[in-house]
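Several structures are given next for inspection.
The two complexes that follow have chain A in common; it is paired with chain B in the first and with chain C in the second.
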Partner chain A sequence: MKKMFPAEELARDSRFVRNRIEDQIFDPRNQALSQREMGSAKLDPNRPAAAERARALMHGIFTGEIQALEGAGRTTFDFDETQVPLALKLDMARQCWDESRHCEISVKLGDWMGSEIGEFAEQTFLYEAACADDPVLRLTGVNRALEGLAIDVFNTMKEFGELSGDPVLAFCEDWMLADEVTHVKMGSDWLRRLTEDDPERRERALEFQRTVDKLFSLGGFRGETEENPVHLARRFRELAGFSDDELEELVKVSEESKAEAEAMSAAIQQGA
Partner chain B sequence: MARVSVTPDPFVLVNYDSGALAALIEKVASRVGLPDDIEIAIEVDEALPRPLIASYVEIDGAGDGPIRVSIWCSGGNFEHPQYPRRFDDVGGEIKLAVDLLRAADRLAPGFADATPDAELSERQREAWDTSAAGRASRLGFAVREPLARYHFRLGNGFGDAVDAVYERLWGADEITWAEIETACVETAASDERPTPKVRPGTVGTTLRR
Partner chain C sequence: MPEPSKPRSAFAPWDRRELPGLFDVEESAKRVGHYKWIEIKLFEALGGWVATVPELDVKLVLGRHCYHHAWHAELWDKRLPELREMNTDRLNVAPNDELVAFVDAMREPDAPELTIEKLVGVYRVLIPRKIAAYTYHLNGTSTITDSPTIRSLNFALQDEFQDWREGEMLLQSLIETPKDVERATRRAAELEVLMLAAGGIAGRGTLGDATEDLVPPQGQGSPAEGVVA
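What follows is the complex of A and B.
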């Protein structure tokens, strides 16, 4: 069996279509939209088109769950015990169990919300972050950055379920949220342990985490204002091993990323 | 055959074809039973992508001249969920069927007192859309019933009483504005959510310019 499995070869049936983050960045509508007063972007049942926003986001989470399963599975397999402790592989195996449950929950939740499997395009950056050669980078890029984002999304959507009186959504999100906190904590714990005597490796891993965090804060997706669809779940992140400084940094990354996305979009329009 | 005009022509931000959209509207208008001598003007705000889906239907010139249906909608209404900026033939046809059935409703005496689209509460709009979607489904349009149900529940509440109203609206082949209002009174009475949905006009203030 092949080690270091590339994202292009992930198994998907004909229902799934993949698109690239570049398509989003170079979408000519971005510029027009950035010049409009669109009101609050927070995912709230009282916002316009709330049902469609929620469905699209939850389908994105569903494909993220598939990739989280694939990523954790690869990490149990790609490294031998001279490269990572057996206990880390066991943690990843445990995560596979959780992620496969999340896939099933997401499929049922999709049914509940009237969505179909593969209805929305899939982007594979979560799995791509799980292709790093260094297992510590996988733990920061996937477990700390992307599953940290999952904490924020699940918490936001749990509130959405509570506000809209949707018991199924609220429960599903709560169940998955509980697991994600442990996955992020695995990332925090193993980062600390594996890099205890190697500050350079730790810095490289944290740098990778920052890069991934920034990519996913693109256009201010996650933050703490009304302009951010998804809000930072501070308490759950603390439980998952994030320090106060790290939380402040995330808010900053989100603001920077939004400013950069706007500048990029303006530059593309001027060049066009 | 209805006379259809599409704005913009051509589309520049999305890969939609104005002529193809006009042809689709003609076809759907005839299938939902709108009169042949009607004029339909549609304005698509192509900057608004999925998932920002919104539409308004109005009737003008109900006096001497030809009846004119005006539709405003976001480009997201017709956008393919898997391929950004591409026209979604299946989804687009369903959206048009629902909007044009509501236009046909507005021409009927039973809807003489109906609130204008821009002033409908979410509850009213979802109730009316549900009724139109049920009829569109029986006319052979590929409406996804679970999706209609989710929209109705999000707008009206989650619970057995709300579901019973949904079934009634979905299954009715004829409907009046008074019946839609009654349905909304019933769902409001059983709505125990912390922030019951109000939002009249919020689609208008934040999506439509």
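What follows is the complex of A and C.
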């Protein structure tokens, strides 16, 4: 088996459909959609499209969990004990089990919410962040940035489950949220330990995290206003080792991401 | 009411544990080091394969089993210093080059259409060998002096049996044609030959020597001599 497995070779059965996140974000049809008066972008059970959006988000969570499983699995294999401590590999193996369980939960929840595997497209950007050559970059890109996003998403879904009177959804998201806090904390702890005597490596890793965070703010998907479908789960992020400064930076990154996406979308519209 | 000062045996009547065992501390540490090595190689392979298998149920099972074997590696890693091996990397080795060759061959399949080959290596060849080696150790070691190893062996064996069963069931559900049967059989045979050369996960003598305790009948020499004659 080769080391460093590329995203385009991720193995899937025939139900799965793959597209690129850029195509989705910069789809010219988004411009027309954004001109419609749709009210708050927050997941709200009173909105007619809420159920469909929740199903789409749940499917996104499911494919994200598959890729998180694959990413953690590759980290157990791609690096030997001369490159990373055995304890880190053991943590990644534990994360494999957790992500595998999250896939199982997501499949059951998808059924519960009325969607099917493959109903929505999959993008592989999560796994791509798990392909870095430096294991510390994987820890910041995946465990801190992406699993951090998972904290925000699961918290949003949990609140949606509570608001919409769906105890199954709220129950499952609560359990997955607990695991994600563990994974992010794992990333925070390993980042500190592995870069203790190497501030340059730490800075490179944190820069990679900022890049992934910006990418995963998905043009305003995550933020702290009513316009953001997913909100920053400050309390859980603090539990996972995020400082106040890091949280403020995340808010800033999300705002920048939204402004850039709007500018690009407008440019596409003008060019059309 | 029982008399509290009445002397009682340190061992209850049903506790038949005994002191003698097959392994001294050094031999036990050596075996535990080999166990750690093979568990690491196995959990790395299972983790690495997750991305390469298209079958969703197999993908999720590999993710779960990856942790089981990582946990076993951790158990053995923690046991080594208790067996006077403070440098836990020193004994984290294969027993011989033949087992390295087996592991390389077992981990080699990469392509998405080779799920049967991947699973056969783990669930029809390696895990049965692990069950055998762990059971031999469990049955042979001192039930009093080495009870911490016994405890870990029992935990590991519980996983091994369950994982073997689950892997075998996945294989049975994937093998649909006579050609698939041939693939699985051929793969198992190829790997068994390599494992045979290695002698098991702890090398030659993994399961002891079935002939070493035999007392040759008078005037007939040893069993080995008998074979030569």
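Please note the rule applied: the second predicted complex is superposed on the first by the 266 of 272 C-alpha atoms of A that agree within 3 Å, B and C clash if a C-alpha of one lies under 4 Å from a C-alpha of the other, contacts with A are read in each partner's own complex, and residues count from 1 in each chain.
Here is the rule we go by: a contact is a pair of C-beta atoms (placed from the backbone, for glycine too) under 8 Å apart; a residue touches a chain by one contact, two chains touch by 3 or more.
These figures come from a predicted structure and were not determined experimentally.
Enquirer: Applying the document's definition of touch, where does A:247 land relative to chain B and chain C: first, second, both, or neither?
Expert: neither
Enquirer: Identify the partner contact of A:25: answer first if only chain B is touched, second if only chain C is, both if each is, neither if none is.
Expert: In the superposed model, A:25 contacts neither chain B nor chain C.
Enquirer: In the superposed arrangement, which partner chain does A:215 touch: chain B (first), chain C (second), both, or neither?
Expert: Once the two structures are laid over each other on A, A:215 reaches no partner at all.
Enquirer: Under the stated touch criterion, which partner chain does A:239 make contact with: chain B (first), chain C (second), both, or neither?
Expert: A:239 contacts neither chain B nor chain C.
Enquirer: Kindly classify A:81 by the partners it touches after superposition: chain B alone (first), chain C alone (second), both, or neither?
Expert: In the superposed model, A:81 contacts chain C only, not chain B.
Enquirer: Indicate the residue numbers of chain A shared between its chain B interface and its chain C interface, in ascending order.
Expert: In the superposed arrangement, which is not itself an observed complex, chain A uses no residue for both chain B and chain C.
Enquirer: Would you tell me which residues of chain C are touching chain A in their complex?
Expert: Against chain A, chain C makes touches at 40, 43-56, 59-64, 66-67, 69-71, 73-74, 77, 89, 92, 107-110, 112.
Enquirer: Name, in rising order, each residue of chain A that touches chain B in their complex.
Expert: 17, 19, 23-24, 27-29, 32-33, 36-39, 45-56, 111-116, 118-121, 162-168
Enquirer: Under the definition above, what is the set of chain A residues touching chain C in their complex?
Expert: 1-2, 5, 9-13, 66, 69-70, 72-78, 81, 86, 89-90, 92-94, 96-97, 99-101, 103-104, 117, 127
Enquirer: Hey, which residues of chain B end up touching chain A in the complex?
Expert: 12-14, 46-54, 75-76, 81-85, 144, 146-151, 153-155, 157-159, 191-195, 197-199, 202-203, 205-207, 209
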